[in-house]
Amino acid sequence: MSNERPLSDLDRMAFARGALTRRDLLRRAGMAGGALAGAGLLAACGSSSGGGSSAVASSGGGAPSFPHTVSSNWTFSNWPLYIDIKNKTHHPSLDAFDAKYSTTTKYLEDIEDNESFFGKVRAQLEAGQSIDRDIVTLTDWMAGKWVALGYCETLDKSLLPNVDANLSSALKGRSIDPNNDHLVPWQSGFTGIAYNPKLTGRDLTSISDLWDPKFKGKVTCLTEMRDTLGLVMLDIGIDPTQCTVADAQKAVDAIQPHVADGQIRRFTGNDYAADLAKGNVAACMAWSGDVVQLQLSNPDLKFVIPDKGGMIWTDNMMIPKNAANPYNAHLWMNFYYQPEIAAMVEDYVNYICPVNGAKEALVAKDPSVANNPLIFPPQSSLDNVNVFKALTPDEDLQFNQLFQGLIGG
Amino acid sequence: MRWLRRRPAGPLLLPAMLWLGIFFFVPMAFMAYKSLETVHVDLTYAQHYTFNWKFSNYTDNISQYKSQFIRSFLYAAIATVAAFVIAYPLAYVIAFRGGRWKNLLLLLVIAPFFTNYLIRTLAWQTILADNSIVTRALDAVRFLDVTDKLGWTSSHRLLATPFAVVSAITYNYLAFMVLPLYVSLEKIDPRLLEASLDLYANRVRAFLKVTLPLSLPGVFAGTLLTFIPATGDYINAEILGNPNTRMIGNVIQSKFLIFNDYPAASALSFTLMAIMLVFIAVYAKLLGTEEVTTV
Amino acid sequence: MSAATEAVTVEPEAVEAARKPPSGLGRRVRWHALNVFAGLVLLYLFIPISVIILFSFNGPAGKFNLTWHKFTLDAWKHPFGAPGLQDAVKLSLEIAFLSTVLATALGTLAALALARYSFRGRSASNFAIFTPMATPEIVMGSSLLTLFIALQNPSLGFLTILIAHIMFNISYVIVTVKARVYGFDRRLEEAAMDLFANEWTTFRRITLPLIMPGIAAAAALAFALSIDDFVVTQFNSGAQITFPLYIYGASRNGVPVQVNVIGSLIFMIGVGGMFLNLVIQNRRAKRDAVASAGTMRRAQAAEAA
């Protein structure tokens, strides 16, 4: 336990919420950690039903314990169309995993929106109940919330050597997960501008281009607050990595007139893709992976990172509290971080791969994907994108309220 | 008259009432309780609720979302009227002129609503797309010019406009209007019609004086079954609307799912319900139906 | 059906009169205009469903089934080709069937009680049953979730979805059946009781068949509501995914063509089932008509004698 860092208030509260369970205590025998952790665990268990106490501090950072036996099935919840797929029914990566470990993966594509998914399972999480899923994939800001709230299990890094070895360095040590012991990145993505040159008549290079009166009613923005406000902030010269509520207000004020006069047709989730495909929309804020997919059927469509900067976000795998099969979850995370498997997935998903080595693994099989700058972006792109600031709960509320007022309440 | 003998209706009624009691009214009570709480988000995003009779949850939220409330009632009212105008002739024709084909026709009316609500609404997205046949045809006959002027559509398109939202709501709840109207019309004894034709000079008066009043229970049920869900609907506004067409259902959804602000969401929901119950009572009085809930 | 309660050998003249166009050109035009309007409305009802069926034969270029690309039977050959779709549909059907049966049973009993007996608390009961229909679905769904969590062991899933569906179906069943029971001529029951001895037989052979159209309509309504429900289900489904939830999730990323196929299939099966029901009822009505005509003739002959 020598490399523990002292527990912050946040962590202590997270542990007090039951990060260590009775189950852990019972299975402690024979696990890495030894007597010291055991003692800390006992103390923690005593206090796990109440508030935090100083006894908890001594058990901080301990490896979670669960039996290292493969369960016969487990559940993986993800966003739709976010994994490789063959013949519309199989997921070769999952099939390979199932074959290797003699297990059955139940793959659910039931996360369509961070907030609504959270809203759906929140009550159970708050009550300390399992949500019947062993991995969920959530975007960084929501993942950060879950970590802070103690809704994800701490990872056993000894089971994740591939992650340690192959995770892109840009995604290590993030503020939402400084020790990389709760989240494992699944895919990243750019937020920028997608447009149809046939409908716009010209190339677009900045967010201001979206406000061109010629495109009135044919422009959409995203319901994802951090993406929309982030891009607009960059456009008006504010740094979204360090923005304040006042900055958010400025960004909202910049967008408001375009909502009022109908320049912005509506605010969308992924459904901007449908509008783009149908020609309802000439230009919009968009996510890189969707556009790569759309370009397959309409090669004219273009995606650009605005000159003044774009946004980058990451969807992360995490194990929800009291998941039934954490060992399987760990095995999968480790499995995915092999370059060949990541390449297999990347070939279909077309977002930004967090696994080093996947590009090389893919070059032979599918060079068009391997060399696609939206999937394996060059450093110049990566330099021009920003991660939205990690907001405090209070800021989160205020930012959201401002944004909701913008998109109609 | 043996059938007037009073029998305890209890055992017949009990199972259904018990079910509703446990799975509707008890949760409602919880919700009422929650609507008077204050929520406080602490540093770890955890939400803490304190019950403190916070009536300002109601006043604050109603004043803030006044326009969405009004808009919801407006859209629902327009949709209900439109549905009535469309459904009544259909129900009339089936009930009185259907003859042998009555049930078959009714089947045809209900059949489209066997498809999924979401797929239907998404289908409207395709039908009303900017470059679709429908849109281009309406544009060609200058219909869109008129609606643009009225503010119902904009930029000569149908999607993401109030027109699309209201017409989709009308469509989606049409079955709820046709069925009660039909049931009510069908029960009218045709001999009454014959008698009325003998009494009145023309069919229109016969209709207004005899048929329509007799069908009032159906009208009442149909308009309510349409208006009420339409007011709380949010899917049509979400799929076919724009930021200026958001309804109170969208607000409640976002309060619940995005902000997790259960007290506010509960307060808004209760307000919506209360307004609708008041409306129903007033409406019932106007129509002269003695019991609000009988058909 | 009021026609069934009349002597069925001759259709009443009034019905005949109501169904023939009037004399005079203006009147005829107005008469037919109404029929035309009704026909147009029927067509209008079928616009989205025809689009849905049409696009089930589409072979889209990308992942969006929004513009017509080419005709293909692929989706029909593999209707469950999209992953997760089969489980979702199966779940929806199970829930719909079970909730229909239970809600119709509970609701019919309650409707009978409310429509025919007078008792204390009757209007309160009426009001109580009416309230779920006056409630936005989102309110019902979220408040129900709160209840399930508070019960400490909700295991959200099949059971909770079922409970929720029965809950909102009961009110609709009651209202629909009540409407039927109200219009029901009590004298028939009275006559039957004079002829047969007990209430149960009366119920079974007179009342029930005559209100059966109402019950059938209520059951069809309940089934349609259940298989279609999105909002309430979304809150109470836990990890289970029903067909509407599947569509919602897929709609952001491109609804697979198979969804159109399933939608069309549900439509066709629903229509087919109801049509079958119609045919059966027609046969039964005819058979009863023949039987009662025979009875009438014998009664008349006996009188004459």
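Each chain carries a letter (A, B and C) given by its place in the written order, and its residues are counted from 1.
Convention: contacts are C-beta pairs under 8 Å (C-beta built on N, C-alpha and C of every residue); 3 or more make two chains touch, one makes a residue touch a chain.
Being a predicted model, the structure only gives us computed values, none of them experimental.
When every chain is reduced to the mean of its C-alpha atoms, the one closest to the centre of the whole protein set is B.
With respect to chain B, maximal separation of chain centres occurs for A (centres as means of Cα atoms). Two chain pairs, A-C and B-C, are weighed by contacting C-beta pairs, with B-C ahead. Here the CA centre of chain A is 38 Å from the CA centre of chain B. Centroids built from CA atoms put chain C at 43 Å from chain A. Averaged C-alpha coordinates give centres for chain B and chain C that are 18 Å from one another. Counting partners per residue, chain C has 66, 146, 248, 251 as the residues that reach two or more other chains. Looking at chain A, one finds that residues 113, 120, 126, 274, 278 touch two or more other chains. The multi-chain contact residues of chain B, meaning those touching 2 or more other chains, are 126, 129, 256. Contact residues on chain B toward chain C in their complex (touch as defined above): 1-3, 6-10, 12-13, 15-17, 19-21, 23-28, 30-31, 34, 86-87, 89-90, 92-94, 96-97, 99, 102-105, 107-120, 122-124, 126-127, 129, 171, 174, 179-180, 183-184, 186-187, 189-191, 193-194, 197, 203, 217-218, 221, 224-225, 228-229, 231-232, 234-235, 239, 249, 252-253, 256, 262, 265-266, 269, 272-273, 276-277, 280, 291-295.
For chain A in complex with chain B, the residues that touch the partner chain are 9-10, 13-14, 113, 115-116, 118-120, 122, 126, 145, 148-150, 216-217, 259-260, 262, 264-267, 274, 278-280, 392-394, 396-397, 400-401, 404, 406-409.
Those residues of chain B lying in contact with chain A across their complex are 41-47, 64-65, 67-68, 125-126, 129-131, 154-155, 157, 159-160, 241-246, 250-251, 254, 256-260. Looking at the complex, you find that chain C touches chain A at residues 60-64, 66-67, 78, 81-84, 145-146, 149, 152, 154, 156-157, 234-235, 238-239, 241, 245, 248-254, 256, 258.
Residue ranges of chain A in contact with chain C, taken from their complex: 75, 77, 79-81, 85, 87-91, 107-113, 120, 123-124, 126-127, 129, 131-133, 269-271, 273-274, 277-278, 290, 293-294, 296-298.
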